[in-house]
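Each of the next two complexes has subunit A plus one other chain: subunit B in the first, subunit C in the second.
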Partner chain A sequence: MKAVLEVHSVTKSFGGLIAVNNFSMEVREREIVGLIGPNGAGKTTLLNLVTGFLKPDKGRIVFMGEEITGLPPHKICIKGVARTFQLIKPFPKLSILDAIAVGALVRVRSKVEAYKRAHEVIEFLGLKNPHRLCESLNVVEEKLVELGRALATNPKLLLIDEIAAGLRPSEVEDIKRVIRVIRDEYNVSIVVVEHVMPLVMGVSDRIVVMSSGSKVTEGKPEEVASNPKVISIYLGERRGRMLGVKS
Partner chain B sequence: MFKISLSQRNAPMLLAILFLLVLPLVVRQEYWIYVMTIGLYYAILASTWNVMAGFLGRVSFAHAAFAAIGAYASALSVLHLGIPPAVGMLIGMAAGTVFSLFIGYLSLRLRGVYFTLSTLAFAEIFRIVVTVEYEYTRGSLGLETPKLIEGVLSYMPYYYVALAILLGTLFSTYVILNSAFGLKIKAVGNSEEAAEALGINSAKVKVIMFMFTSAITSLAGAFYGHLIGLVSPEVGAFDQLALVIAMAVVGGLGSLPGPVIGALLLEVISEYLREFGIFRLLIFAGLIIVTLRFFRRGIYGTLKQVIFGG
Partner chain C sequence: MSASHVFLEVKDLNVAYGKIQVLWDISFKVYKGEIVALVGSNGAGKTTTLKTIMGLIKPLSGSITFEGKRIDGRPTTEIVRMGITLVPEGRQLFPELSVYDNLLAGAYLIKDKEEIKRRLEFVYKIFPVLEERKKQKAGTLSGGEQQMLAIGRALMSMPKLLMFDEPSLGLMPKLVDAILDTIASLKREGITILLVEQNVRAALEISDRGYVIENGRIILEGKSGELLESERIKKAYLAI
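And then the complex of A and B:
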């Protein structure tokens, strides 16, 4: 399978703190990769490096065979990388429809065409009453709109940053299903950065474990879950819950 | 691309335009027509300031300075090149556009309050340069300029020129805000980072809108110079800026009619309070505080909420 995203020995430090240290990974076509690690492991920093919100000190980032290291965020989005934010950044004064149409505008010029695409995404995500303002939505809807905006840009690679944080277990199940359907319907590779284990274990084809800015291990969910190194640095106290998910 | 239908929704707007069209014919007092013309000038400034502040969330303190740039560029070119004031106004507009490209390009990449601070610095630099360069600008004495329309004593024609510029401003703003580009503007105004993650070059959007608003502001400033026949550093002074901000905020930020209502109302009030001089600013500052504390949507937004309930 062809690699969609290649991260080659990327390093980023803030002052004396090395957030991402000589880190490499790749994401292949139509693959869902889970990126996990304890708080402060550098997961979100890595996402910001890939999407251009931060520039790496060292290393290269290649997307679809083309180097994108250091490009500004909007150009990286135009190339086909979309993301959601860990702390959601909604458009409070826009309607659901407008917010998602903004994403579509990166591919189409006319407003009519953008609204048509936005309607498709809204139907796909099952959002109701798309003329409501984004400031009036509940948590789940806010996250779905955030996801919908990213989807409307018609990405080849979708980076989802902690979408399940603060959701109820039943809602997590819904999101899990949505992520799978997105991969199948939109033919997109997905990176899921997540703390909620049931989601990331259930949805990923492959899992990359990060700690203190470096890669600890990677592999299939069950391999990673039984890796003693992972258990000791990250999952130790939550082992019981992990095993519960696996069965 | 867009339909304008005679529905109930835009009936109030058409009534308002009709009202402004017949107002001088009804009032017929030169003094009040003059006051309303100045009011329209402020309405243009408040409307364009509102585009940056109300829709893009970028507060510019160089707004009055751009009016002064237009006024000086027009006055100087009319005096030295011997061209008619109407052409001078276009030169003023061009000068404002060029300046705004430079300032916008340099300062709009800055986040948050730093854009505001750099526009304040620019406005002050401009005011000092104009005051000091006595040979060209006659300093704080002011530069006498020919009137826009010669041989007419009435202010009636000026009123209609100002009204035409205002309506042109509102119409073009409306078209821009309702276009695909307008959607990008609103996205940048709501969350710059999210807009960038969705493929929008936010710096470009902001610079384009800064140029658009500054172009109209300079045109209005040039008109103002040829209306009163004198261009002085006062056109770009801070109290003028404060007045414009008060008008936009009191009228209603983030709406098109709001700043117009605020401007006309405050200009009329300001005439009645003439004897207070510079202390009028204190009263307007109080109005801003009251508006922001109790009626955040301003006069227009509050009225709309009361009448239409939403």
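And then the complex of A and C:
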């Protein structure tokens, strides 16, 4: 399978803190890759590097065979990379339709075309009553609009940053289905950055584990979940000795 | 243990930040004299639980009872006065104040000067380094010393229930051990402890019982030793 995204030995520091350290990964065509790791592992920084919000200090980022390292976000978006944000970025005073059409305007010139595309996405996501203002939506609808705006840009690669935060288990299952259907219907590759394990372990073809800016391991979800290094990252190390406090 | 020994009881607690509900029907108990670990991954709702117990966040519904009295909805100062103190995540010291003044700040509800002196002696006995450095600015202490000061400041309020939010965060492994040893020793001083920790294994090793919280819900509970050996805890974290 062809690589859609290649991250080659990318490093990014903030002052003395190395947020992403000589990190490499790739995402293949129609693949869903889960990117997991504890807080501060560098996951969101990596998304910011791929989407051009940040420039790497070192390393190369290649999208569909073309180097995109250091390009501004809008150019990277036009090339076919879209993202959603962990802290969703809604347009509260726009309707669902307008908010999603904004995404489509990256791709098409006319408003008519943009609305047509927005309607398709809205129907695909099953959002009801698209003239409602974004400020009036519930949490799930807000997340769907966030996804819809990204989808409307017609991406080849969709980066989803912690979409499951704050959702109930049944809603997480719904989002899981939506992500799969997006991959199947839109033929996009997807990177899911996620703390909610039932989502990321359930939806991903492959998992990349990041800790302190570096890659710990990668593999199928069940391989990664049984890796002792990964378990230690999540559960901590056992102490060398037992204390005499437990009776 | 009988119900009369229940020290802290959190029952059916629901908490939301705006539209996002973060705690769902959280229920747990802490018995007098226990160390109870509340563990879970990032964003699970651990800190929110502690803040709600402290009265810093108002719950949507549910109750919090301490020594048989409802404390939910009470102001934080009153909750501290009743005997609950939090050692917050990131320590939250006053970096420009001396070690001594930071400790005194922990005793602001205590008016009796003699009592304050006794508390200081108690803290200095546990952490001799704080006495050696009492005139030094808190911000100039090492990470481990700052954590000791944060614990010392909490002890100045004479807590019956001491709650820790991620005490090992950002400390090197040797200091993590020292801090956890200290927490275990506080139990021997008769203080009941609710410990929120990211290092699940270490937290379960020093605690009597544990609760695993995931996405705002308690998904697993039991004796710490049993949880530690259980495959279910791995599944709780990694979903596989």
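Just so it is clear, the second predicted complex is superposed on the first by the 234 of 247 C-alpha atoms of A that agree within 3 Å, B and C clash if a C-alpha of one lies under 4 Å from a C-alpha of the other, contacts with A are read in each partner's own complex, and residues count from 1 in each chain.
Note that a contact is a pair of C-beta atoms (placed from the backbone, for glycine too) under 8 Å apart; a residue touches a chain by one contact, two chains touch by 3 or more.
Computed from a predicted structure; not experimentally measured.
In the overlay built on the shared chain, the residue A:83 is in contact with subunit B alone; subunit C does not reach it. When the two complexes are overlaid on their common chain A, residue A:170 makes contact with neither subunit B nor subunit C.
By the touch criterion stated above, A:93 is placed in contact with subunit B alone, subunit C being left untouched.
After overlaying the two complexes on the shared chain, residue contacts for A:51 are found with subunit B alone; subunit C is out of touch.
In the superposed model, A:225 lies in contact with subunit C only, and not with subunit B.
When the shared chain is aligned, subunit B comes close enough to touch A:102, but subunit C does not. Put simply, subunit B touches subunit A in their complex at residues 179-180, 183-184, 186-187, 189-191, 193-202, 254. Listed in rising order, the residues of subunit C touching subunit A in the complex are 19-22, 24, 35, 41-43, 173, 177, 180-181, 184, 187-188, 197-203, 205-208, 215, 224-225, 233-234, 237-240. Contacts from subunit A toward subunit B in the complex involve residues 51, 53, 72-74, 77-78, 82-83, 85, 89-94, 98-99, 101-103, 105-106, 109-111, 114, 149-150, 152-153. Here subunit A touches subunit C in the complex through residues 38-39, 138-139, 165-166, 168-169, 195-198, 200-202, 221-222, 224-226, 230-231, 234-240, 242-243, 245-246, going by the rule given at the top.
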